[in-house]
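The following pair of complexes shares a single chain, subunit A, combined with subunit B in the former and subunit C in the latter.
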Partner chain A sequence: MNSLALDLHPPARRRRTLSWFPFAALSPSLLVLSVFFALPMGMMIGMSFTQTETFSPTLEHYQRFFTDGLSLAGFCRTALMSLLVAVSVTVLGYPVAYFLARSTTRWRAVVFALALAPELAGVVLRTYGWLIILEDRGFINDLLLQLGVISSPLPLSKNLFAVVVGLTHVVLPFGILSLMTSIQGIDPNLERAAQMLGASRLAVIRTIVLPLSVPGIVSSMLIAFTMAASAYATPALLGGAGFKVLATMIYEQVLFYIDWPFASVMAMALLLMMLAISFVGVRYESRRRSRASVSSGGER
Partner chain B sequence: MNALDIELVSVSKSYAGMAVVKDIDLAIPQGEFVSILGPSGCGKTTTLNMIAGFTAPSHGDIRIKGRSQVRVPPERRNIGLVFQNYALFPHMTVTENVAFGLKMKGVRRNEAETTVKSALRSVHLEGMGERYPRELSGGQQQRVALARAIAPRPSVLLLDEPLSNLDLKLREAMRIELKEIQQQLGMTFVYVTHDQEEAMAMSDRVVVMWQGAIAQEGQPAALYREPNSRFVADFIGKSNILSVTSTATQAANLELAVGDGLILKAHKIELTAEIRYCSIRPESIAVLPPGAGGSGFANLLNATVRRVVNLGAAFEIDADLGSDVRLHVLLRATRASVPPKVGDAIHLGIDDADIQPLSA
Partner chain C sequence: MGAKRLLASLCLAISGIGSGTAGAETLIINSYGGPYEDIIRERIIEPFEKRFGIDVVYDAVGSAQQDYAKIKATQGRPGFDLVVMTASQSLQGCKDGLLEQLTPSSIPNLNALQGELSAVAGGCGAVHEVQYLSLLYRTDKLASQPTSWSALLDPELNKRVILPTFQNIMAVYLLEMMSVTNGGDLIDNIDPGFDAMAKISAQSVGFEQSSAILESYLREGSVWAMPFWNGRAQLMVDEGLPVDYISPKEGTIPLVATLNIPVGAANKDAARKFIDFFLDKSSQEAWVAGYRVGSARSDISVPEELKDRQLTVGPDGDRLHLPDLLRLQEKLPVWAERWERDVVPNAR
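Moving on to the complex of A and B:
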């Protein structure tokens, strides 16, 4: 009895005395956010429900989004592209992140610099770089044609493949960083313990490192997905005129058709897609965590 | 003589030119409980890591059952290791943790289940199999780590200060338990610790390390009785260490001059090196009332009591012998014993066998 009361009391009291402080600390950023973020967001939401001539509330823009065929196709293409980027960033980034998290040699600094170097060149520059490599008359096709491996250029650019390659390159450093942080949080003795119990290098990764770095994998996928879904320059340049995703379609609506309400609807669709994905990811993580803590509470 | 489980043959390790382990020779027979004892930073963990295979020796050879292991990776050495921080897999239940090594060895499922059960039984954790490591107390986690390490039946178990995160009571209980488990399994234990009591309490043999080298090895009692250096005498148990200024060999005794003008009679030994210190255990000094006479001690010294501390089971007495010599004396508290008071003049009796001459 007594010990139970002692156990429960201190955390509760601490929480109460601290409660006002986080909000006070947040207030400057809340102010900035509300002016530069919430306000335009509100305007966008308002516009998406507004009739263009009469300014009366309407659902016609949404109706158009779901019925014109092109918009939904763009939505699905965006989701597919972002998913592919999320997977390829995480798969490609994982070995690099593991190396960076565990290496103690001087190679670590070299690999770290190489992994982050792409961020120094701008997105547009890197995208043009990929264009030079992937074009019909680009580096790869030229080489393969001259070697006689192929007789006509492979379709490497102006399509989904090129965009996923370009975006993977852009997003990879962010994926690597979030994976690395997560792997660094795993006690290296766990890997040694597994090894002492007879696990090969590969078995250690599969049974210990991968399961324990799930939070890093989830956040790497989330970051990659949202960055890919909102990217404009890479899909526009590497995808060509026929490759339409929400970001490029919004740009078109605003600049060429001057249709702000319809652009707002597409922006809403993009926003909801990213919110849904984040929700799923965060939910998955907290489910994992609470499953553990609930069972601890239940058994004691 | 048992077969040798582990042999270290002039093993050295240096990091960037700094020698951390220096030319260690060690042979551990099967089924022995060996402690590697030494102060922090003396190279204990480095030695253990070389046996486990995480660190390659700079020189020398490590053999397990007669076979050189230098090129064998840790996962194929058939050695168990218990970490100081336990290193339990947090995403696995207790059962899954203990079964891990069996799974990696490809042991069949129902066979593994039986082994896990018996391993958990031997550490008194039946019924905790479904818990996760964070749902266990430190002592329980310690037991899971032990069960996990012994379940695949390694030929040798290495333990790196496994009890240092537990409180004193639990630590003392675990000492006894560890020793029992080791004897039951007949497994070779190599136990690393900086706690001399722990090493003395459990080991068949203690290897004292100092500054990367073996200072002395032997049975706990022998190390305690006959330390070979000032360091070992001081590190194992408590001792009075006196500087010896000159030595003289008499018919029956070795006479050691300590302080200015005080002569102590020690057992006669063969002198191979200059004697520079001598060690006298506090509990080997007898406190005699003044005027008690010779009573058979080789050394009978006049002293003045400077301090008396009641330790409960004993009295710790600070005795001043004049000539700049002070001795700590441990007087066992019995119903009959009346401790002297500060300022009392007393006699101290010391057997010649209880004075250990040291050359380093």
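Moving on to the complex of A and C:
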């Protein structure tokens, strides 16, 4: 009995120690999140269901969102823009991430610094840089006009193209870091073994590296999509008056029309879009993992 | 106790309260940047500080509408004591109970303002300047001087016009004037205005929100005509640029600028002193001469070169259209949607 009591005592004490420690460790961040995230979020949700003059419950703002034609168009534009940015960031970032994950040359440090360098300048500064390059009177159009290649400026700014270019530049470092971490987790011996067995470099990438780096690809797509969907400065500066996305529309409703309930509806739509995309990504990744574990279990 | 005192001192130091000269009052003014800031500092703020011994902190962040959104979000405690806005925000703020009522008992110079212009701004706004929407154009590019708002539809100006975005009140006033020019009115029959704006949009190079960016197109000559406030247009003329501006024959709409005090302002007395000082005859003369705008005072001396350029409610009553700004404010969300649907897509 004594020995049993002695055996049980230390784990019981450990349990007690563990029971308050996680709460103590989490409480500062929980407090910050509750006050500055959950509370405003709750207020925003409440506001979206409130009538502006009488403060009575209503669905009129949601009805307007779905029927005015402009809000839904802004929603679709935001989704398309974010998807294009997510794809371009992942496609452009993958080779750089692979190089950074596998290279052992001194160029690795240079490429790493170049990949992250855009983050040293602010978003607005970088966006203005693109404006100078892409606008009608900008560098590219000026050059092409002077060379006689074109007779009137190409529409490179104030449209979807310009915003996708600008946002890709802004988000690319995050995509590269996410992909690089994932590729670094793949055992390089797998690639060597495949090459020793006669697989070409391209076949190794296609059949080994790409499938094993899917978690990084999903993560890069999710990061790029959510960052692009919530971006304000780049769409506002490079998109112009004709290219409205949810972030710029929310800004207008808050500051110019002072219609906060309607702005709340738009913010809700943006939030739901990002949650849905995150859900799809996480679900896809967990299914893929469970499929992989089942098939590897079957082989065993 | 010692710890509490230390904490209180730290809080005061961080929030900036108590900074500045010991014993001196501080007045925080929120207004505009650019040439406005330079001129108001030199002609109004510095003489005010000298006369009253009050330190002025100048905050140039935000447009009038953004400042009003801040006042509304903070329920009248935006962190500044005095703000420069327009009659639209003055009326709305008074209606929402977010701006202080201004009376001649504490601001005697309010009695010197023209009644019609004061009425436009309501009881919470002190009208310290009046501009109007003018048609600004390049004298070296146009064959002849325009006389009408319809000149913006002239084929000569194809891809040579730039327009403000709808969030800039200039666009709303231009829409209203195009409506009046084409048989409509300022608010209830606005369809002719939208039809005309759709056509102007088709021959424009696009839209910009900031006045400074709009101005840059005309400066470099890629654009030959645009709507602009007459005060800023006059500053460009004074610079010697090949530009001029007109008040078109169909008339125009004034931009009535106001000084306002949020209800929760910390230094209301200093703010009232500043308003009274700004509305004083000598200050108004200095302001009109410096910023090239009109005044709500009819008893001031105006520089010779500006006399024929300014419009006042008395003699030019038929050329100045005064929309009901509260009704206009109600219409804006609907008009904004229509603008995005019918006008913006026609550009390019």
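Basically, the second predicted complex is superposed on the first by the 267 of 300 C-alpha atoms of A that agree within 3 Å, B and C clash if a C-alpha of one lies under 4 Å from a C-alpha of the other, contacts with A are read in each partner's own complex, and residues count from 1 in each chain.
Following the convention adopted for this analysis, a residue touches a chain if its C-beta (ideal position, glycine included) is under 8 Å from a C-beta of that chain, and two chains touch if they have at least 3 such contacts.
What you are looking at is a predicted structure, and each value in this text was computed from that prediction instead of being measured.
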{"item": "Subunit C versus subunit B on the shared subunit A, clash or fit after superposition", "value": "fit"}
{"item": "First (subunit B), second (subunit C), both or neither touched by A:196", "value": "first"}
{"item": "First, second, both or neither for A:252, with subunit B first and subunit C second", "value": "second"}
{"item": "Which of subunit B and subunit C A:283 touches, first, second, both or neither", "value": "neither"}
{"item": "Partner chain(s) touched by A:137 [first = subunit B, second = subunit C, both, neither]", "value": "second"}
{"item": "First, second, both or neither for A:206, with subunit B first and subunit C second", "value": "neither"}
{"item": "Minimum distance between Cα atoms of subunit B and subunit C in the superposition (Å)", "value": "50"}
{"item": "In the complex with subunit A, residue positions of subunit B that touch it", "value": "52, 54, 73-76, 79-81, 83, 85, 87-91, 100-101, 104-105, 130-132, 134-135, 148-149, 152"}
{"item": "Contact footprint of subunit C on subunit A as seen in their complex", "value": "68-70, 136-137, 155, 158, 240-242, 244, 252, 254-259"}
{"item": "Complex interface listing, subunit A residues touching subunit B", "value": "187, 189-190, 192-200, 203, 207-208, 211-212, 292, 295-296, 299-300"}
{"item": "Of subunit C, residues touching subunit A in the complex", "value": "65-66, 68-69, 72, 165-167, 205-209, 220, 222, 332-333, 336-337, 340-341, 344-345, 347-348"}
